[in-house]
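Below you'll find a set of structures to go through.
After this come two complexes, each holding chain A, first together with chain B and then together with chain C.
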Partner chain A sequence: MIRTIVGLVIVLALSAIVISSVSDYSVPSELIGAGLNYTEQGVDDTGSVNLVTAVVVAYRGLDTLGEVVVLFSASTAVVLILTLIPIGANPTPPSSIVAFTAGILPGAIVLFGIYVITHGHLSPGGGFPGGAVVASAFLLVMLGSNTIPGKTKFLTSIESLAGLTFGLLGFWGMLTLGQFLNNLVLPAGSPGRILSAGIIPLISLAIGAKVASELSGVFASYRKAGGEE
Partner chain B sequence: MTAETMFYWSLAATALGLVVIGIWGVLTRKNILRIALAFTLADTGVNLILVWSGFLPNRAAPIIDSSVTTVVDPLPQALVLTSIVIGVAVAALFVVVGVLASRKSGSADVRRMKELRW
Partner chain C sequence: MNMTLLAAASMGTGIMMLVAAVAALVVKKLISAIIIVGFVSLSASVLFLLMDAPDVAITEASIGAAISTVIFLWGRGKIGGQE
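Let's look at the complex of A and B:
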């Protein structure tokens, strides 16, 4: 009871502060600052039609490298902690609907994921969402099977290779153009084509492979620790 | 108030509502998995606030095309892409630590987890 009242008071106070801070706020009509700059120069600078991808991979590529590192350390921690929990003896068997779906859908899901990864510079998407889509296909296969996944060395090696590719692409820019992760070591091409936008498609592929293998590894270790004790 | 302005402010209200529900859930729920779920809800609300901060009414998504001239701010959307991924990583870690703690105390109830007391 006290817990509910305290929670309610804190939540109401928080919303009052937030609402009072935006009370003199009016609807903006023009872009300002960095957003305006990216919008005007983005396509010329990077060759990417999708400006969000241009910001994520080209302008703020170093931040994305850091983000990949965060994801890597989190997945490592998950796997590490789950080794403290004993491997489950018999995982819960899938229902017939899940088992049937897991036999049909994964191919189409992986295909869609690859489309999202490779068209990151043209349409909404990129390495992170596409990688998550591919990993969801792995999850479906795992939920549809009755067995505990074995060793995940294959996933780990894909993950390491993808991370290494990202770093090496960064150093390529450093060696040739004197700037880490410079996008234009490959020609920008004509915006809107699949082979354009410098190294953005390559980095998207690396990120996609890394995210897909990392999340699949996390799902596999979840599955191992699940089920009966 | 035009339809676009109403949409603008309802977006902000939805975002604030998600954050409030999430924080309330974290403060009052007792099952650790529900706390993790509420945390994810608050996370989603914060992401929506960030996207909203770059939203301009009557403008298209930031994908430049011959037919598109005015777009919304791409920068907050790029930041939110980062934030979503970090959110997934934190949620995965949250659930694992929760499972470990509930195995140790024999229950998912946070009141029984003596290790979390200080």
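Let's look at the complex of A and C:
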């Protein structure tokens, strides 16, 4: 009880600090600076109709590469810990509802994930959300069975290949246009088509494959560390 | 009219999130807390959608609501269901 109250007081104090620091901030009534630049020239610059993806993959592509590296090191650390310290606890067998749902839903979820990945430059989504959706389908498959996953080496291969693709696409821009991760080494095409927006679709595919295989690998090693039923 | 409806929906979702977040702190059973935290993530996803950020909403729904909830549940299974 004391701990709850102390925690609540700390949270309230921190909230007060945050609120007081932003209290004199007012949202500008029109776009300024980089935001204005992106919205006015984004489609012409990148050919991507979805400006969020244009910013994430094209304008701020290097940040996305860094984000992918962060996710890679985090998942490596988790898998390493789970391999070194197999914290034993038996996975419980799924209820009949979960088992039934896990039998019919994952296909549709994977399909939706692939749609989100491949249409990242056209509609909301992109590599990271799509990859997470695909990974959640694999999670559902794992929830629906109480066997431990078999070989997962191919996940590591997909992951490495996708990461390598991302890097090589970056170097392609460096070699031809003198700028790392330059989007326009492929033609921008006509905005709104699936084959447009330079290398954004390719990078989305690479990120999607990497995120999906990485998260699935983490789940699989988690399940493996759980031991036999 | 349309704008105020959106504002009311956002406000309602936000209040629901706050109540659920406090509930996750004070409930006794660990499994209830985990499910409530998942609900907070789902509300956050709805809130992102209402605030015209569908890209973030997809990520929040799949990672926050689905994946992290299951990871927490597995973790609870591993510590032997101690409440």
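In this section, the second predicted complex is superposed on the first by the 213 of 229 C-alpha atoms of A that agree within 3 Å, B and C clash if a C-alpha of one lies under 4 Å from a C-alpha of the other, contacts with A are read in each partner's own complex, and residues count from 1 in each chain.
Methods note: a contact is a pair of C-beta atoms (placed from the backbone, for glycine too) under 8 Å apart; a residue touches a chain by one contact, two chains touch by 3 or more.
Here the structure is a predicted model, which is why all the values come from computation and not from measurement.
Engineer: When the two structures are overlaid on chain A, which partner does A:52 contact: first (chain B), second (chain C), both, or neither?
Structural biologist: both
Engineer: If you stack the two complexes on chain A, which partner ends up touching A:138: first (chain B), second (chain C), both, or neither?
Structural biologist: The answer is neither, since A:138 touches no partner chain.
Engineer: Tell me which partner A:42 touches in the superposition: chain B (first), chain C (second), both or neither.
Structural biologist: Only chain B; A:42 stays clear of chain C.
Engineer: Which of the two partners, first being chain B and second being chain C, lies in contact with A:191: first, second, both, or neither?
Structural biologist: first
Engineer: Looking at the overlay, what does A:27 touch: chain B (first), chain C (second), both, or neither?
Structural biologist: Touch partner of A:27: chain B, not chain C.
Engineer: Could you say whether A:125 touches chain B, chain C, both of them, or neither, answering first, second, both or neither?
Structural biologist: After superposition on chain A, A:125 lies in contact with chain C alone.
Engineer: Residues of chain A touched by chain B versus by chain C: which partner has the larger set?
Structural biologist: With both complexes superposed on chain A, more residues of chain A are touched by B.
Engineer: Would you check which partner chain A:166 touches, where first means chain B only, second means chain C only, and both and neither mean what they say?
Structural biologist: In the superposition, A:166 contacts neither chain B nor chain C.
Engineer: Both chain B and chain C touch chain A; at which residues?
Structural biologist: The answer is residues 4, 7-8, 50, 52, 124, 126, 128, 132, 215, 222 of chain A.
Engineer: Write out the stretch or stretches of chain B touching chain A in their complex.
Structural biologist: Touching chain A from chain B are residues 5, 8, 12, 16, 19-20, 23-24, 27-28, 54, 56-57, 61-65, 71, 73-78, 81-82, 84-86, 88-90, 92-93, 96-97, 99-100, 103.
Engineer: Could you please specify the touching residues of chain C with respect to chain A in the complex?
Structural biologist: 25-26, 54-55, 57-59, 62-63, 66-67, 70-71, 74, 77-80
Engineer: For the complex, which residues does chain A have touching chain B?
Structural biologist: 3-4, 6-8, 10-11, 14-15, 18-19, 22, 27-31, 34-35, 38-39, 42-43, 49-52, 54-56, 60, 63-64, 67, 70-71, 74-75, 77-78, 81-82, 84-85, 122-124, 126, 128, 132, 191, 211, 215, 218, 222, 225
Engineer: Would you tell me which residues of chain A are touching chain C in their complex?
Structural biologist: Residue list for chain A touching chain C: 4, 7-8, 50, 52-53, 87, 89, 91-92, 116, 124-126, 128-130, 132-133, 135-136, 139, 143, 215, 222, 226.
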